[in-house]
Amino acid sequence: MSEFALLTLLIGALSLIAIGIGGLVLSRNLFRIVLALSLAEAGANLLLVLVGFRRDAIAPIIEQGHALTATMVDPIPQAMVLTAIVIGVGVQALALSLAIRAYVAYGTLDMNVMRSRMETDISDAAGAQPATSQHAPAGGRPLPPISAPRLAHNKGAQG
Amino acid sequence: MAWADLIILIMVVLVLAGAGAALFLENLLGAAVATALVSLGVSVFFVILRAPDVALTEAAVGAGLSGLLLALAAKRLGLWRIEVQQDSEDAGDSSC
Amino acid sequence: MNALDLLLSLSALMLLAAFLFGQTRVYPWLAGILFTGQLVLLAGSDLPMAAGVGLEIFGQQVGWQLDGFGRYFALITIGAALASNVYMGGEWGERYQADGHSLRWLHAALAGNVLAMLLLLSSKDLIAFFIGWELTSWAGFLLMAQGGERALRAALRYVPYAMGGAMAVLGGLVLTLSWTGTLDLLELSRVMSTLGNGQLALLLALFAIGFSIKMGLLPFHLWQAPAYAEAAGPGTAFLGAISARMGLFALGILLVKLMTLSRVADLAFIDGLFTARDLLAWVAALTIVLPTFTALKQNDARYLLAWHGIGQGGYMLLGIVMGDATGSAGGLLHVFNYATYQAALVLAVFAVMHRTGTADLNSLGGLVTRMPLTFLVMLLGIIGLAGLPPMNGFVSKWLVYRSLMVEGRPLLFLMTVIGTLGTILSVYKLIHNTFLGQLRAEHEHIREAPWSMTVPMLALVILAFVTGVAPGLALSWVAEAQAALGLPVLAYTLGGIESPRGSLDMLWIVGVLFAGFGIGALLFYGAGGRSKRVHQLDNYAGGHFLSADVRYHYSDHFYAGLMHRIGPLYRGSFTWLESAVASATDLAASLMQAWYRQAVPALTLLVAAVLGLGWMVWR
Amino acid sequence: MLTRYGALLFAAGFAFLLFVLFTSQPLGAPTMLAGQAVLNEAAGTVGAANIVTAVVLAYRGIDTLGELSILFAAATAVGLVLGRSHGKQASGEATEPGGFILRAGSDLLFPLLLVVGFYIIVHGHLTPGGGFQGGVVLAAAFVLPVLARPSETVSHAAMAWVEGLAGTAFIATGLAALAVDHAFLAPLLGTGQLGALLSGGTLPLLYLAVGLKVGAELASLLLRMTEEESGT
Amino acid sequence: MNPSFIALVVALPLLAAFLLPLVPKVLRRLVGPLVLLVVAALGMALWQASLSEPLVLAVGGFRPPLGIVFYVDSVAALFVLAVALVTLLLWPWGGDASENLDRKQSLTLVLAAACAGLTVSGDLFNVYVFYELAAVTSYGLAAGSRTAAAQVATFRYVILGSLGSLLALIGITLIYFRSGTLNLAHLADLAPQTLHDPLGLAAFFLILLGLGVKAELFLVNTWAPEVYATAEARVSALLAGLVSKLALLVVARLLVLVFPLPEAREALLVLGMLGMISGEFAAYRARDIKRMLAWSSIGQLGAAFIAFAIPGPAGVAAGLAIALHHLVVKPALFLLAERWGGSLARLAGAARRSPLGAALFALFALSLIGVPPLPGFWAKYLLLSGLAAQPDNLYLLAGLVVLVTTVVEAVYLFRVVGVMYGREAKGEDAGLTNTGSANTQPASALAGSGVFAALLLAAALAAPLLAAPLGRMATQMSDGAAYVARVLPSTATLSGAAQ
């Protein structure tokens, strides 16, 4: 494989990381944030494998008939990537389930709205309204679907 | 420039385009599919980089399983219906 | 087990006992006996008293040893605690408990204070010193915080000051360790003065700030008056009498023993025009004047006395900073003298409060007919506070004045005189508004304070009078303290001092004074003079004839004319400064909260990563 | 808007800095201090033809244990987040079954996936693939029928047993080495003939455990996702 | 002691967690505590054994640079002990539906295993795996209170944490790219030639940011107040008390072994200072006790970062003292806050309803701000004397920051104490303060914090005795050469491995 191809892959991996992180920072939608995270992880994995690549080498599998002394690529980064991929999917599942629950409770996927609702809930729990404190937390009570005015009110309260 | 290099270049561009699509597609389900495709593309890179184990895993886990997870979650989030999704984008209205 | 071990164990034992059965009637007796025992033990032991136990921790030796300087303060501490204890153990304590407060905690706080101060006074190295210092601060906090909501709030105001001071001291401590390699006081007294001027100045600044906060020197004095005044009665007496003096003790050790005054005088600002020693002297002088005139404005007897407590501290420091035999003796003697009459005065005010329920100078008056003994205590006390013969306050102040004159500091002398003037004015306000004038209707049935109050009060003023007549009794302790500190020792006699440049013999002065009274009385009665008893309610004031049913007592707008003149000078600059610091802290806190409530933490992470990487790559 | 461009700028800057760092030494010629040593020794000491497998299960076996635990923790956490607070199973799911093709397809696919999954797992030490990949296939095999016919449920209890026992088997294999006075997770049972199915000592066993564990965890994750919650 | 037993501190809790759902209901509640007790005993034994000489276990029996190494010096052993004990004290005993309780217990066990793994691991990527394990379990536990606010907070935490891990992974990639190995001892050996350059520092910085998420490092700690305010108190206690310390310990190990560079120390110092300032000042204005404690813990960890930035054994000793002290105090405070969660105004008169709780709070507050004979003072003393001994002015500035923020800390902590001991609210607020038993402490929380208080007082009394072991531990931990020599007895064999 040529120098050019390696550089292309390097740029690809780094761009994937950059796109992922950029998307993660800029997205307000919870679902999109999860997607962006998995993009960035894919980029990081690619980077790791790229680091272990060795030119003119074969995959680290000893095939019958081949000499044991053949040059092979570095197996350790590959093992690390295997681990990292599985870790990534576990975290992704967890994040998705949290997003689902948060969506069910707050009726939105917008991070900013959710954050302000969360702040309100925390202050509520901190004693502003005894009724919504410890014994009846916001997650337990059926929330009405948020209508536009309510949202505006929330935004106003936040600002 | 060798053919192999050109193919790799094109694939990289495609994967990056897929990543862009995952971020900019209005339809979140489509975005999830784009993410899975990016994973698939990356797994091809793994094959090129002599990492068949990783490629297999990335294809199975990154593209397949995680795509499935995303799709299921998107269903729970009501993203399969596009009009609802648009509502939730700008007003957070829920019809769940 | 040697004497210091015994002393400290007794103190610790008392703390334990107070926790266990401080609320019972037996405890005050036990504590009284133990305090007396401690006094005897302390007075009778040979110096220096070294503790048998010592620790080594993180490579530092921690030990305790009591020398003459510490013993002087320890004696005053235990004496003040004894008086407060007796006071607390009687009717006052019963009332206090009936009001829903915990006497157990009050006793425990008092015992804790004594233990902490003994530990501080007997520290042999800076770590032991800091332990004692912090314990004193927090035990003081405990004592201040009891006695209701206002006391608690005043005590909480003390927290930032105490902590700021402690941290300044701790900073000084670690710098000392880093620069000299030792924390042992004896070792430091040899090494510290050899440090360079810059290092010494920094150490001086840190330590002096820390110590002067405790002492209530300007500009760190704002916490003291409310914290001391609002504490529970005997607690106020104890705190006022000795607590703040721990700062003086520490300053004494620092300035005289460790750094030596001559080295302090080397630290010059503005081309040598002004040295650190001058600065300290002027701070002390301003501390005499400003708080004293703030006291003049107070309408609460407790606050009035507490503000005086701050002002009187200035005399003590001024004396020590002068550094000659007379001045330092005056400063040190003033600690003892002040403790006696301040405790007596505070106890008297609380006796009045006990009977009338108020210390508001605008709603008292005429109590002399109902509480004559308390009146006597207060009268003698204010004479002492104002620094007039025959009380002991005169002696110490005289020594300081004399030192200022002899050392050629006329401006400082002027300041002290202004301060004394303010003292006289304000203590007159105190006694006039409380005891003179006409009795208010609601105080018609007031009785004299119970014996548990009058006995300690009287004992204290008698002590103040006796040491006023024969200051040599106290000066022997002072001389010992001077010797321990390394100051020139005052040549004293029983009646005062003897020196080629002017002696003082209180025996003569008091003799002449009383002889004067006697001669006056002889002349008066010999010339056929007659006294006529006038009823208290016989109104005659400034040409107005009021009928007997109108109660008349001039207390509102006391010194209205004077206040009209000097009123604009009260600017509240220090209060402004304090609230400015508080607002700045608040502002910083809001900013930080805003930081933690930001919308996209990932963005911060990204920015941090980029900046950090950039820094690492291109540095 | 400023934030948007700023963020993009910083993301690009991050990538650029990484580019600078990663081009500071030539790609394609790794240092491979540990890697080369592993390549040299793996065949002899571990006996797995697939050296990545040797690394994953033998040299870095504890990583894999950690990874399994992460999946386990994630599945448990998802259960905690999505599960019902009172532990009662939802009854009578209202969702209609999937289309005919899906149903028929899943019926056909189930045995196929099962076979493929196990094949991938047991050949993990020889060819590319192994416990993770096979586990995913197994998970898919069990989840597809549920997707096709939502009324069908896979017993959570059975899943829990598989999960627990598979994880236990992995640790137990490690502890067995401890018991026979080797280090934890040391390979046992000899290396065998390189390239044979029954080679690599305990490696296939470990991979089987990994496969079952991964399959069970992922299946339970996916099933959690499919379970609609009634009346939240 | 056979070093093979080291593996048990990780394997046993994991085994128990896997098997927990399969254990008969009767015994199920006993499994976790029993296993933790065993781990504690192991930790104790390891500590005894490692004080003289560190123990090394090559997992799987592969020689060190190839396989993964578990390295137990006295610090690691002590932290294993601490992990087991603190987890035991914060064990979720009940108060939940059976199924969820199982899950929480499983997660707690896995968390204990992950923390133990973090302390003993001697391999960079293995550290990453255990770190992720700890992260995922703490996400699960944080979401375990099942309120919507908790779920949003946890989601934000997951995103930030995952991004951090990603950066850490990139950092590890960089290190592997340059040095071709992951073993910490091997890296330490190679570092002077390969890693003490911008690339190495960049990698360190990325790992620092990544691990810093858990260690509440400034810049990446914004999750802490949200999560601690919404999670259950004992979970907050675990995260603030335990998990943060272990991330900190890993950073410290990296710093000591691989990156003993002034630049790395500077970064740590600056971030630590900013963390202290931001945390303590933000806590100054906090209106509810949980977030106040969260911010205060950020400040305390900032102090620990500052401490580890001091070179040599002095810094390690100070950092350990601060970390251990905080490990005892903060969980106890969170336990106390379990029922006091709420606005500070609601605490009015709490001392009357729960005198022991209030007294314990005051005790912990005093220790936290470093009032002398309590252990907090010695920690602060070690920190400050270490800082004062450094010639660099930045260290003196850090000392100043520590002093100033301590004052702020004292003010807000004692404001709370004042509210608790003050009068109860009257009039309209009365209804608010007296809602149910909101101010009384549950017995288990009180007992838990009582145990912590006993530990604290014991440490105060035994301070002179603890000084020597602490010094020895610090020397052991800060001796990078000994670590290398112990793990890689002969580096000669490696040159053969290199191409």
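All chains are identified by letter, namely A, B, C, D and E, in their written order; residue positions are counted from 1 within each chain.
As a convention for this text, contacts are C-beta pairs under 8 Å (C-beta built on N, C-alpha and C of every residue); 3 or more make two chains touch, one makes a residue touch a chain.
Because the structure is predicted, anything quoted here is derived from the model rather than measured.
Under the contact definition, subunit A and subunit D share the contacting chains B, C, E. Touching subunit B and subunit C at once are the following chains: A, D. When the interfaces A-E and D-E are ranked by how many C-beta pairs touch across them, D-E comes first. Chain closest to the overall centre, judged by the mean of its C-alpha atoms against the mean of all protein C-alpha atoms: E.
Per-chain Cα centroids separate subunit B from subunit D by 20 Å.
Distance between chain centres (mean CA atoms), subunit B to subunit E: 37 Å.
Taking each chain's centre as the mean of its C-alpha atoms, subunit C lies 45 Å from subunit E. Each chain gets one centre point, the mean of its Cα atoms, and the points for subunit A and subunit B are 13 Å apart. Residues of subunit C in contact with two or more other chains: 597, 600, 602-603, 606, 609, 613, 617. Each of the following residues of subunit E touches two or more other chains: 125, 129, 132, 136, 139-140, 143, 146, 151, 156, 159, 163, 170, 177, 180, 182, 198, 202. Shared contact sites, meaning residues of subunit D that touch two or more other chains, fall at 3, 7, 11, 14, 17-18, 21-22, 30, 32, 34-36, 38, 50, 52, 59-60, 63, 66-67, 70, 73-74, 77, 81, 128, 132, 218, 221, 225. Here the touching chains pair up as A-B, A-C, A-D, A-E, B-D, C-D, C-E, D-E. Subunit E makes touch with subunit A in their complex at residues 125, 129, 132, 135-136, 139-140, 143, 145-156, 158-159, 162-163, 166, 169-170, 172-173, 176-177, 180, 182, 226, 229-230, 287-288, 291, 339, 341-343, 345-346, 431-432, 435-436, 438.
Subunit C meets subunit D in the complex at residues 600, 603, 606-607, 609-610, 613-614, 617.
The touching residues of subunit B, counted against subunit D in their complex, run 51-57, 60-61, 64-65, 68-69, 72-73, 76.
Those residues of subunit C whose C-beta lies close enough to touch subunit A in the complex are 597, 599-600, 602-603, 606. Within the complex, the subunit E residues that touch subunit C are 156, 159-160, 163-164, 167, 198, 201-202, 204-206, 209, 213, 219-225, 263, 267, 277-279, 281-286, 295, 366, 369-373, 377-378, 380-382, 384-385, 387-389, 399-400, 403-404, 406-408, 410-411, 414-415, 418, 421-423, 463-464, 467, 471.
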